[in-house]
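Same chain, two partners: chain A is paired with chain B first, then with chain C.
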Partner chain A sequence: MNEQELAYHRAFTVAVSEVMGTMTGFEMEEDEAFFTPDEESFDPKETQPCEISGAMVLLGKKNCMATVTMTRTTASMLVSYMTGIPYYELKNGDLFDGVAEMMNLMAGRAKALLSDSEYHFDISPPFTIVGENHYIVHKKQAKLIQKRFVSNELSFILKVFNV
Partner chain B sequence: MKILSVDDSAIVRKIIQGAVEVLNFDLLEASDGLEGKKVLEEHHEEIGLILLDWNMPGMNGMELLQVIKGDEQFRHIPVMMVTTESEKENIVRAIKEGAEHYVVKPFTMEELIKKILECLGQGDQDE
Partner chain C sequence: MKRVLIVDDSPIIHNLLRKVLERNEFEVCGDAKNGKEGVEMYKDLKPDIVFMDITMPVMEGLDAVKLIKEYDPDAKVIMLSAMGDEELKEEAKGLGVDVFLKKPFDDYKIVSAISKVV
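Let's turn to the complex of A and B:
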């Protein structure tokens, strides 16, 4: 792992833990066994498809994209705990905005943690990618972070990659 | 008395609504700075506190803060920045522009309620 990867790993791991713990009460832990194939060997059948991704651009010495990808079920539970609104009352717009806001909060916290380092960055407004069975696929060489975080039956995939 | 929440995230405004309801206040909402300015112009006599996000499309929170503190009609209304911007220089900048309080996202509901009460000068009521 090079220095940029190490810096981002540390910052985003702390950010995920703090943000999700504070906003939802869930202690999200890294799934050490998680593996995603690189671009050359990507086979959709071997990768868990998801339905909602929050995304934003990190603007620094090297620009990156950060994404957090999850199923609708996970999004419903996390947004429900964030807002106190029962999951069955949440509308599509609530889920899409909630996932984008989760990405915004995690990137904002990571930004603060790296603000005094050479890897500091600014952040774009967040946006959401929606669609059944979608994947975020990027060039193998661009990868900085690819982690799955789990808490009980809930999980999401965090990716940060150079653009 | 009403509290005005200006934030481009509907989910953040819902979280704030939850806190405001616990305190038995009413919430007014705006999704960007321009809309926030319009709401202020219509309801400034009823608004006792403004919760203001920083990064919003169009007119951002800092620009709206400058409008609020530059206008005789509004400048007496306390403003609390509610934002992911946590760097010291940004906090100092907001305070210099007139923000009376600052809370960094993420926060728990309890933290938000406590901060709102502090802004309203009621911070010791529940201790």
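Let's turn to the complex of A and C:
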């Protein structure tokens, strides 16, 4: 792991823990056994299915993309705990905005943690990518972070990669 | 009961803030989706407190604060942002923002911020 990867790794791990703990009450832990397929061996069957991704561009010395990807079930539970709205009453727009906002909060917290370092960055407004079984694939050399966070039955994948 | 105007482009944050404020006995008198709407609603509603996001379409939070403070120098503004950097904080302070609150937030953070301004 190079210095930038290490800095991002630390900042985003703290950011995920703080944001999810405060906003949803879930203690999301890193899945140490998560297998990260690389460009050469990428096989969609080896990745977990995903339906909603929150994404942001991180503008710094090197520009990056940050994404948080999850199933609709996970998004429903997390947004429900964030807002207090029962999961069965959440509309598509609530889920899409909720996942984008999670990404926004995580990136914002990481930005604050890295603001005094050489890896500081600015952030774009968040946006959402929606579709059953979509995959966010990037060049192997571009990867900075690829982690899976879990709490009981819920999980999501956080990625940060150079663009 | 103190009246609060929420200015944020995220419906989720509106919903979340509204719930926190209402269970702590504040009245949410308006929801604005961007800074421009926020300035217009401030003039119409004259709220006691404004919760203002920073990054929004149409008009950003800091520009809206400037206009609100020009209209009413005594306006009480709490800035909410996911970005906690010092430069932004200083800029907000220079415009007269009363409290700069970092997201994520919970009931305690929100109520403490309000108690500092009213």
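Throughout what follows, the second predicted complex is superposed on the first by the 163 of 163 C-alpha atoms of A that agree within 3 Å, B and C clash if a C-alpha of one lies under 4 Å from a C-alpha of the other, contacts with A are read in each partner's own complex, and residues count from 1 in each chain.
Keep this in mind: a contact is a pair of C-beta atoms (placed from the backbone, for glycine too) under 8 Å apart; a residue touches a chain by one contact, two chains touch by 3 or more.
For clarity, every value in this text was computed on a predicted model and none was experimentally measured.
Overlay on chain A: chain B and chain C clash in the combined arrangement. Looking at the shared chain after the overlay, A:T22 reaches both chain B and chain C.
Using the contact criterion defined above for the overlaid structures, shared-chain residue A:G84 touches chain B and also reaches chain C. When the shared chain is aligned, chain B and chain C each come close enough to touch A:G108.
Once the two complexes are overlaid on the shared chain, A:D94 sits against chain B and chain C alike.
Once the two complexes are overlaid on the shared chain, A:E5 sits clear of chain B and of chain C alike.
Residues 18-19, 22-23, 79, 82-85, 93-94, 97-98, 100-101, 104-105, 107-109, 111-112, 115, 123, 125 of chain A touch chain B in one complex and chain C in the other. Put simply, chain A touches chain B in their complex at residues 18-19, 22-23, 79, 82-85, 93-94, 97-98, 100-101, 104-105, 107-109, 111-112, 115, 123, 125.
Considering their complex, residues 18-19, 22-23, 79, 82-85, 93-94, 97-98, 100-101, 104-105, 107-109, 111-112, 115, 120, 123, 125 of chain A touch chain C. Only residues 8-12, 14-15, 18, 55, 57, 84-87, 105-109 of chain B touch chain A when the two sit together in their complex. For chain C in complex with chain A, the residues that touch the partner chain are 9-13, 15-16, 19, 55, 57, 81-86, 102-106.
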